[in-house]
Amino acid sequence: MDQTVRSKLLDVSTATLTSVLLKHGFRNTFIGGIKLLNPDAPRMVGPAFTLRYIPAREDLDQSSAFEGRKHPQRVAVETCPAGSILVIDSRKDASAASAGGILVTRLFKRGVAGIVTDGGFRDSPDIAKLPFPAYHSRPSAPTNLIRHHALDVNQPIGCGDVPVYPGDILVGDAEGVVVIPQHIAAQVADEAWEQTQFEDFVMERVSAGDSTHGLYPPEDDARAEYARWRAARKT
Amino acid sequence: MDQTVRSKLLDVSTATLTSVLLKHGFRNTFIGGIKLLNPDAPRMVGPAFTLRYIPAREDLDQSSAFEGRKHPQRVAVETCPAGSILVIDSRKDASAASAGGILVTRLFKRGVAGIVTDGGFRDSPDIAKLPFPAYHSRPSAPTNLIRHHALDVNQPIGCGDVPVYPGDILVGDAEGVVVIPQHIAAQVADEAWEQTQFEDFVMERVSAGDSTHGLYPPEDDARAEYARWRAARKT
Amino acid sequence: MDQTVRSKLLDVSTATLTSVLLKHGFRNTFIGGIKLLNPDAPRMVGPAFTLRYIPAREDLDQSSAFEGRKHPQRVAVETCPAGSILVIDSRKDASAASAGGILVTRLFKRGVAGIVTDGGFRDSPDIAKLPFPAYHSRPSAPTNLIRHHALDVNQPIGCGDVPVYPGDILVGDAEGVVVIPQHIAAQVADEAWEQTQFEDFVMERVSAGDSTHGLYPPEDDARAEYARWRAARKT
Amino acid sequence: MDQTVRSKLLDVSTATLTSVLLKHGFRNTFIGGIKLLNPDAPRMVGPAFTLRYIPAREDLDQSSAFEGRKHPQRVAVETCPAGSILVIDSRKDASAASAGGILVTRLFKRGVAGIVTDGGFRDSPDIAKLPFPAYHSRPSAPTNLIRHHALDVNQPIGCGDVPVYPGDILVGDAEGVVVIPQHIAAQVADEAWEQTQFEDFVMERVSAGDSTHGLYPPEDDARAEYARWRAARKT
Amino acid sequence: MDQTVRSKLLDVSTATLTSVLLKHGFRNTFIGGIKLLNPDAPRMVGPAFTLRYIPAREDLDQSSAFEGRKHPQRVAVETCPAGSILVIDSRKDASAASAGGILVTRLFKRGVAGIVTDGGFRDSPDIAKLPFPAYHSRPSAPTNLIRHHALDVNQPIGCGDVPVYPGDILVGDAEGVVVIPQHIAAQVADEAWEQTQFEDFVMERVSAGDSTHGLYPPEDDARAEYARWRAARKT
Amino acid sequence: MDQTVRSKLLDVSTATLTSVLLKHGFRNTFIGGIKLLNPDAPRMVGPAFTLRYIPAREDLDQSSAFEGRKHPQRVAVETCPAGSILVIDSRKDASAASAGGILVTRLFKRGVAGIVTDGGFRDSPDIAKLPFPAYHSRPSAPTNLIRHHALDVNQPIGCGDVPVYPGDILVGDAEGVVVIPQHIAAQVADEAWEQTQFEDFVMERVSAGDSTHGLYPPEDDARAEYARWRAARKT
């Protein structure tokens, strides 16, 4: 993905992004019910590479399913491009694991930018120690095929009630994960970056003791003050 | 589908079917959280024809999406074969409708054998009056595209936490819906039909005042008595 | 309320109303998680008169709270205007009753047009026999003040996650209840009534065996046919 | 159980009983989340005979568990005294059946007064046709031992978050089921029966058009009028 | 608020407070489903200043709603008295934010004693770094007006199923938040402080290896020993 | 319990254990919905000693219930053997505490190996500081007898939807808790320990950059390499 877009998105919060997306008419962009395992992970930005699970069936989802090299979960782990984010539709079911420590380590080593599931990870204490952003709903020790059948790779999915199309840009911080439709990602990055400047200004003023009245949202005086602040900062 | 299989399945309950499926190792076959709208509908038996929804996205899921003849929901309604059952993966989300009265009527007129969603129907009072088996979780007036994006037709899906592969045989009665993997449908139909004879015998005895001890499950005496009952019935 | 608006709204379904409201930008208008107790009740149309509950507190919510004539629940029952609908914000909590058979009968006798709660009613089998539309989530025998404290009358509330302002027009059918903002009620009634004509036409065609392709939504031919059908019907 | 107590309890509603129990300090007496399968069943009154389930374990809960005559579920069905009510602690889990049509029919034939589970029944359409009160949360076709292990009979249990001790008196109507501690059942029956007379009086007045103000709760005039009404009724 | 009361409440746990409140007949005092964002925040004690949200409506809850100085959320932030606690009724809905980093910082700078919502905060990673007690259910990036409409300030509300009247005393520790009715706050503070002395004594004995039998609750010997311990401590 | 079994179980993860248990046919072994309070606690391994709660009843569950030395909760705390784990069936209800800081400290001092409830603890911030593994669903300040009645000790129970028989071996790590049926604990410990060696080998290879294809699950080359690695490690 474009490096300017990427670097701007690394500087903005998911909260700011949801506000900008709302202005573009997108209300449902924040993946619900998940959290970051490792608060020390780097910020997560990258295009979505998806994996879809349906409920397991006892005759198909035996341990032998992982043999060979065509099981979609393993295919996804070995083919998700570096810089992309593996997003798994686990139907919000964390009663068995979406993935575990070995596969997440493999993604990390391959240069993938992060992993997101609306289910749960096993080996979550190990994953929490990797310098790699991983989001899930809660720890889940039971092995994947007790509940999940990996079906296909890189199709549109739902994750935490949000639509995710392959190539959509995901941004994750300590608050959660936002999905930006691919075609507006550059524009959203610009607007969110500008909005972040303004919020930095407001936070500076509020931290100095100013009232929010007239400042947030800004009236004329505050707008003028911000213009000066912003101009000074650019130089 | 085979007419002998079909006619046997029309004679057995979903409760009996789950017991037979358990003997084959299938524990997760009863679609949870749904009910039949119309208690006067005929019993439902037929192969699954599937439709998958993902969460709606505001720019894609406008009213205009229904224009033309390629919207997957409309394609499904017009191409689901007579005798088949349309099964919709609505991600257990009934906050907007999976389908409404006009589309369900069209399915009925086309000879489709039933419709199942793990979401909700709109126009549910009208659907409830059709002599057509329709299963959903609860009434939902809001229009489909507020929450759902129809993505593809006849792919494997989950419905109410049960896996459904195209061609699987669905059986529905007033209790709910069971999914039978296609490759064992004939055998399951045979076994369930035989099991039903035995349960009819047991019910006859219990209704006549017999104890369940020694009868259900049967010990030697009851087995012998059943053999006579069964033999007499065949003639 | 205006009798033309009322009579049009008596002729349209809640499903159609949600579609019309969506065109006006309102997505959240269908009160979730409630059902009609009595399928034989008349259709429900009328302006909202609201009552707000907060959680009960043991020292305030004793039986003696009902003494005198100022308890807000009793005030609401005795002052809700004839033709209006009493809408109760029970915080979606049906662990104790929102109201019972005597109070609902009193509302009915006073000419009130219906009652809606996102909690539950007690004496629900009796209420179900009144020719009076009453909507709740589920039966709840425990007396009101175990869980609820009636606080104020005719303030804006939430009911089943939908905002309800006093004077908003509520419409209820066997599917559920829709809330129409007061200022657009007349326009919505007109549009929904027209839309209902079109849907009647479509249903007539589909019941006669027509495909939905080209008809729903209509292409040019269907539009022309509808124009003729509509013109004929008017005369 | 005492026949006077029984006959009084047959005449009062679960709603009235919860109010009387509250006066005795009991707030948690209405079993939540269950409903009556058959609206045409007789009213249910009788002492509790309990059965406790814990989660199933794959090695213990095989079909063979039902062989012999010592499986606790079968023991409960064959030993629950006539006139008593079988109450099952299913941990509010209806993903597999608490019991099915044959066992419920056997209970009915044995003169048992009803059955209550906070799980679900299989063969529920058949059970719904018996003239026998049966309460559950929802239909559940899968066989019992997929999820439940019957452990012991006639121990104190929880059912729908309400404590049930063997011998407690259960009363069920179309609204639900109330549990009355055994030692106060006679007194509660008396008070509820008197309270019902008063509510009948109030309902008569409200149906005739009276205001609830001064009547419900009664002020001096209404109290005097009720005394006359009550005296007249006794003769 | 009274400084002796305040300082006693700073020394007792929410667990001890719920026990004392139970003795006064209050069972429902612990706000459910929320947690403290910042474990390093000071203990929270202060009177409640409330804010009520109802569900948002699309025409009213546009960005422009924040303009001017009368939006109730902004009014609450600028007028909540120093030393008070802002308590928000978000209807337990965290699908959009109750407030964000700038507003919470403003409250902190104004000397407010804490903030509690039964919804979620946005900018939660920033809020977690403030030395300011903030309680919510989970992080929520989406902006407030997608789901919430701020209606009024300092009215009685429910928060996490607990009633909160303006002026009630809230106490928060790492376990959660307790609401003390205003009129008994001084007495509860006294009793809880005394109870805490006793629990410190018990914990000292248990940590030294004593059995809880005879100690917790205390029998005569333990009571005497406590009296000596307590007397010694006072000097 | 056997010290070799114990020491092997101290070296394996709950994730690995669920995989080994699945091979033995056990799918439901991971206690759902609970978490470890103190990440610095030692690993937890030991046999289950159980305590069962049913819902509280107002007349029985008064403070005086704790007097004397026979209250089952106190009996459990004083009699749970050193090295065992106290497992409480709280019916997944955390609206009141399963236990508090004093009792958990007493268990710790008595040499008990850990405590697990599917409800919540009060004084949870204190418990979190003990070097003692304690698992619950969420903090809960309200005192036990508001919701729970301790009924009996060391009977089979359910905990977080998993069956627990007295003597079953529980293993807890930072991910959660697994229940191993007593009769297969030694064999499961052996197999899990061997499986852990293999997973360590795989993790070493993946961390060095190897693909998972052919390695996990292993094909012939990887199997040979592992045999060498394993042989080398043993020496």
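In this document, chain identifiers A, B, C, D, E and F correspond to the written order of the chains, with residue numbering beginning at 1 in each.
Quick note on the criterion: a residue touches a chain if its C-beta (ideal position, glycine included) is under 8 Å from a C-beta of that chain, and two chains touch if they have at least 3 such contacts.
The structure presented is a predicted model; accordingly, all values stated were derived computationally and were not measured.
Using the contact threshold fixed earlier, the set of chains in contact with both chain E and chain F is A.
Averaged Cα coordinates give chain A a centre that lies 40 Å from the centre of chain C. Centres computed as Cα averages put chain D at a distance of 37 Å from chain F. For chain A, residues that reach two or more other chains under the stated contact definition are 27.
Contact annotation for chain pairs lists A-B, A-E, A-F, B-C, B-D, C-D, C-E, D-F, E-F, with touch applied as defined. Taken in their complex, chain B has these residues touching chain D: 13-15, 17-19, 22-23, 27, 29-30, 32-33, 35, 173-176, 178, 199, 202-203, 206-207, 209, 211-214, 216-217.
For chain C in complex with chain D, the touching residues are 63, 66-67, 69, 74, 77-78, 95, 97, 100-103, 105-106, 109, 122-125, 138-143, 146. The touching residues of chain A, counted against chain B in their complex, run 25-28, 54-59, 91, 93, 149, 151-152, 155-158, 161-163, 165, 181.
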